[in-house]
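Two complexes are shown next, each including subunit A; its partner changes from subunit B in the first to subunit C in the second.
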Partner chain A sequence: MARMLTQGMQLFCLFILLICGAVQAQSNSKVEVRLPQKTLHFETNPRLLDVLRYTEHDHTTYWPAATLYRDSSDLQQRHQQFLADLAELRAYYLAREQQSKANAIHLLLLQVRQWQLAERIELVIDIDRARTKIQYNPMLDDGIYQLQLSSRPRFVFPVGLYRETAPLLHRRAGTVQDYLVSSYRLALADRSRLLVIQPDGSMHTVGVAYWNREAFEPKPGAQLLVPFAERALPRRFRHLNQTLVELAVHRVVIE
Partner chain B sequence: MVFMFFFRCLASLYLLFWLAACSGTPGILYSDIKTAFNVPKDVELSFEQVKDSPYDILYLRINDQARISMVLAFLEHGQHKWVSADSALLIVEQGRVVRTQDFPAELLYTTNTAQDPLRLGPDQLVSAAPWLRLTDWRSGSGYAVQSYFTEQEPELLEVLQRQRQVRVFTEHVAFDKQNTSFTNTFWFDAASGLLLKSRQQLFPGGTILELTHLSPLVRYITTEETL
Partner chain C sequence: MRSLFCTLLILVPTSSVFAAEGPFQPNEFFLSEATHGGVGLIQTPTARMKPEGSFRLSYADNEEYRFWAASLQLFPWMESTVRYTDVRTRLYSPFPGFSGDQTLKDKGIDVKFRLLQEDYWWPELSVGFRDFAGTGFFESEFVAASKRVGPFDLHLGMGWGYLGRAGNSRNPFCDLRDSFCQRPGGFSGLGGKIDYQRFFKGPASLYGGIEYQTPWQPLRFKLEYEGNDYSRDRAGELQQDSRWNVAAVYRWHNFDLNLNYQRGNTLGFGVSYLMNFHQLQQGKIDVPPRDLMLHSPPEGELLQHRLFALLREAGFITTRMSVDGDQITLVGVQLKYRDYDEAIERIARVLATELPAHISTYRIIEQSDSLAVLETVVDASEFKAAARHESLYAHIPSTYVRAPARLRSEQDWDFAAQTRGLGWGMEAFWLQMFGSPEAFYMYQGGVMPAVAYQLNSNWSLHAVGKLTLLENFDKFNFTVDAQDTPLPRVRTYVREYVTRSRFTMEALFGSYRQQLSPNVYAIGYGGYLESMFAGVGGEVLYRPVDSFWAIGLDLNYVQQRSYENDFDLFDYKVMTGHLNVYLEPSFLPDSRLTFNVGRYLAGDHGVTIDFAKRFDSGIVIGAFAALTNVSAEDYGEGSFTKGFYLNIPFDLMSLRPSRGAGSIPWSPIARDGGQALHRPMKLIDSTERRSRFGG
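For the complex of A and B:
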């Protein structure tokens, strides 16, 4: 009887230990940060500086383009849905024998399919700011992150309804106009405005027509997005313009 | 006479009420008045204070404002990172300001700093090839800047209450996009070759930063005196 009681006590203690362990495991964080050369694992939520300390940075590191992304299944679903919508839109134009529009959608579909998407964290990433001001050194929530850190980017990236989407060399003090060649747009493209997504994620609408032309300077690593013209799409597809912009903001730009 | 006195009292009262109208609380009113009458003075350190400081110290004057001191917070990858009391940062390579944080007209990046003739020291500055770099600003990127150096007549420069013989160099700077130019000045200690002071403009018509490097000179003089 005493032996059974002892065994019972041991089982009870084991049970308590397992529960405590589970609670402990739940209270621990799970932060993983992927860097180009290695992956960092943190058992407690790190501050930004804890991550930056492990990065390979030097005097050539271009902090204005440093970006932190977090894996997002929601974004992947939106990506897939967007591709499906584009395929449906292409079929819509093909059924009506609007070949140039169908081709434009096909090219956009091929382009967006290549995009690597992750949630861009709105954060100024700079090791010196993180060291000197607490507001630039926030704690990271649980998640799987990817940190983009590089030397000064050499290119800007045309995206959206561009005919050619090969990266363009960043021009010295160049304005948006310097990157526009004749007939650069596809059918359905907005002819009067272009969106500049700067490397820090900020977005600017820039007039490019003769009547609203603006001298706006994209930074190295910026995306130049040609959106759909307003009302160019059938009513039930008009939301695609906004989705295109939102996905481009979360595109992981790799030079 | 009485009228004038009465008028002055009224004017003072008006000024007081006007100031009060700009302030939410009496405490803020007091600090407003204090600020209005408190003209900042240049920071002035002694040789001993700099020598005893655990940190390297730099004087900085922005345009014609009062001189402040900054301390060396980090020295890494050949960059001296100076921090002010309000956490503004000045990132300097070989005496050249290459990046600023929390300064007017933020300089985000300077390319090609490895070719900066300042790295060669005063003996080779004039013969060095013109230096071309790109500068990125918060408002625009890729502004090309080209410069070369000429030497001026030597001068006497007072640093930490000591007179030093210095070699003076003028950097002739051209901004190609705006087709404008300006000059920077660098003062090198004749005996040690150390850069003691510089007056640097970051872009045409922009802020002028005057840097005086104190700690290297103090270390040099202290070593000389102990030998």
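For the complex of A and C:
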């Protein structure tokens, strides 16, 4: 009896040790990838395909919208700095009693504050390509990643100096003109140009005014960014336009 | 003067194949050419600019004129156009013995600068000069504004000179200064000079028009009101029933076809072909770059012949090699890949899959004309990681650095190829002259076989022949012009030289070259140096790697060659040479400015200014002018030496990669002033890999 108890204790201890070992392995993992349903840990740097294999049973994945994000403290700092700069800009306009501009900045501030940011990795993610060509199957550097996979997105997302930022249903063969209402642009917004950030991260400047209108079709999941008008901002704040664009590229868009 | 024929003909299909790249996006608004070339309405230019690198060849025809034009968007803010005009109602000269029944031809150059980009409130605004350097049939200046509203493009401009001849409005400059009220007549010098003293003077006219983009994508209409009354046209006074002209433009692939009705009484038509020098490319049949995932270094000793064969596949002919501890140094010549990064990547891929793992540094020294030009130092482990995509941020060009190369003494090498030996080659040539009295287009084409014997890495002997295969130079009515020139005839005997024999000896000389320090090179040469001169000379060049500047000096003592046979010399002797300064300023992207200051063949002193721009496809377009102390009167027709050239990489026209380039020169009139010796070797060319401008 005592012997059995001892064996039982040994097994228990072994079990505890195993668990401890597993946890240990997890905390030592070099790469962590969060998938929609689970989180993967790798002790050696995996290639993209090693990650995608966990999703191959899901046949609804819409690869053109697949995105890999990497946690970045630098980006969080830039985010905070940008919010601080916007607050300062708002104060600048309030001090000069330019209410509509101050309101525009306030709305932008509220919007950008909600953004979840992570470094968007410039990479075409497609399981078939990853199987066939090494450039589509790179090794992941150490870090914490989020792989966003979904079925075909149904929406496009207006962002930036635009009053209504609720997602809009994607229209088949719809051009940017079909989504935006010009009167929804806020003060300081560029009336002539729009930046389309496609779900693959590529960016296109599209003319939308009476003098430069272009027919450009955003892909499902695209962001339609209304930037600041050139030279609309006071000189010391002009860099904010570029920062806005850069942060939008790294925005984790969740449908 | 040498070039490769068929270049343009072959380029045409090449560009059309690749024109439709990029995401699908209907072209809502396209720009089309005016009759004279360059973006515009029908007779008048607008403020519009094509995308940078756009090149358009156009032909336009109406009752009195034919226009052939080539228009290039050199920078986003600058359009340049060259044009030949055929005046169908006038003869070239009243002397049939001189020019037969050929009709009158003239050349013209236009330039247009953008002053303001269109925006929500502002129109696009440009200023331009038409036919400003030459005898000026259509000499005009204009300021034009263009504003698009939906499918309409509205244009308003003011023209002076030909464009403003009707004088339908007051010249605003006339209000400022009286001298602007009258336009001086004639032209200065003997043509070919910029007559800026006439700019914006005399009668001025407002002109304008509307372009309408129809809902049917390929079709566009134009309506124009012009400010010229055709009272003093080169073709005579033309009847003008209306100042309104209309046109329809239909776009078919890269072609614009247009039909127009001008002056209320004349039907015209035109066709133009559009390509973009930035975007031209050609698919290749080639071995794929060696894959690091499939190959790994073979077991055992390094097999030299196997390594060299694989390097040859990467375009690299190895002349020397040494392995010292953990680094390998390879010296050789790149024959295949024009693009530097591609060349290095292919070589490094071979090394990464053939060399033992302990070798951590690849030193690749590229030679040109036996001179060590550039050393590329590759960090092997970083390169392997990048080539295997072992990081999300893999970037192969970040794994190597460029440095000045200098060869060590012969004994240090584990392998050194024989430096003594015979080599040969063959180049095609194409001489062309536009606008000669005998025929509009005069040409001579053939091959230039070349033989070289290398005595050692410094000394070599060269011989170049010229064999004419097809030509119409037999139509020449005269070989030396009748102008009474005070200058020694250093170049105007050209017709004598090119018509003497089907086979001529172009050059026969010995040369010596030496790298004096990591950044200084020197060459010397002596013999028959070019088709018209023989003698001795040399050059020194200081050129750091990836520097925005380089400086050199050349000095030559030469004697004129006889055009009666291959070996005799005339009595004329001259000391000629230049201080050469090369600049690649950062504010003019992909451009090179060259200043050659010194003494020319005719003994005149001055400077040649050359501007060259390189497009993403590798095409280089350049213009030059030689300004010397020879007066326009002494120089003769054209007033001074100037011209254009277009260098086209063969790579763009062939299915296999190659490094050669053909050159199409265009010198309207070249006489004896401002003429430099055609040096048989130039250090700036030999060391071209030291700059990214060279590829």
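One rule holds in what follows: the second predicted complex is superposed on the first by the 223 of 255 C-alpha atoms of A that agree within 3 Å, B and C clash if a C-alpha of one lies under 4 Å from a C-alpha of the other, contacts with A are read in each partner's own complex, and residues count from 1 in each chain.
Quick note on the criterion: a contact is a pair of C-beta atoms (placed from the backbone, for glycine too) under 8 Å apart; a residue touches a chain by one contact, two chains touch by 3 or more.
Bear in mind the structure is a predicted one, so any value in this text is a computation, not a measurement.
In the overlay built on the shared chain, the residue A:Arg152 is in contact with subunit B alone; subunit C does not reach it. In the superposed model, A:Arg191 lies in contact with subunit C only, and not with subunit B. After overlaying the two complexes on the shared chain, residue contacts for A:Pro220 are found with subunit B alone; subunit C is out of touch.
Contact with subunit B, but none with subunit C, is seen for A:Arg172 once the two complexes are overlaid on the shared chain. Look at A:Asp141: by the touch rule set out above, it reaches subunit C but stays clear of subunit B. Using the contact criterion defined above for the overlaid structures, shared-chain residue A:Ala209 touches subunit C, although it does not reach subunit B.
Touch criterion met: A:Thr132 reaches subunit B, while subunit C stays clear of it.
Judged by the document's definition of touching, subunit A residues 217 lie at the interface with subunit B and also at the interface with subunit C. Every residue of subunit C that touches subunit A in the complex is listed here, in rising order: 23-26, 28, 118-120, 147-150, 291, 293, 388-394.
The touching residues of subunit B, when paired with subunit A in their complex, are 73-74, 77-79, 81, 83, 87, 89, 91, 93, 98, 101, 108-109, 111, 113, 134, 136, 139-144, 176-177.
Touching subunit B in their complex are the following residues of subunit A: 57-59, 62-64, 126, 128-129, 131-133, 152, 170-174, 217-220. Listed in rising order, the residues of subunit A touching subunit C in the complex are 45, 68, 70, 121, 123, 134-135, 137-141, 191-192, 204, 209-217, 230.
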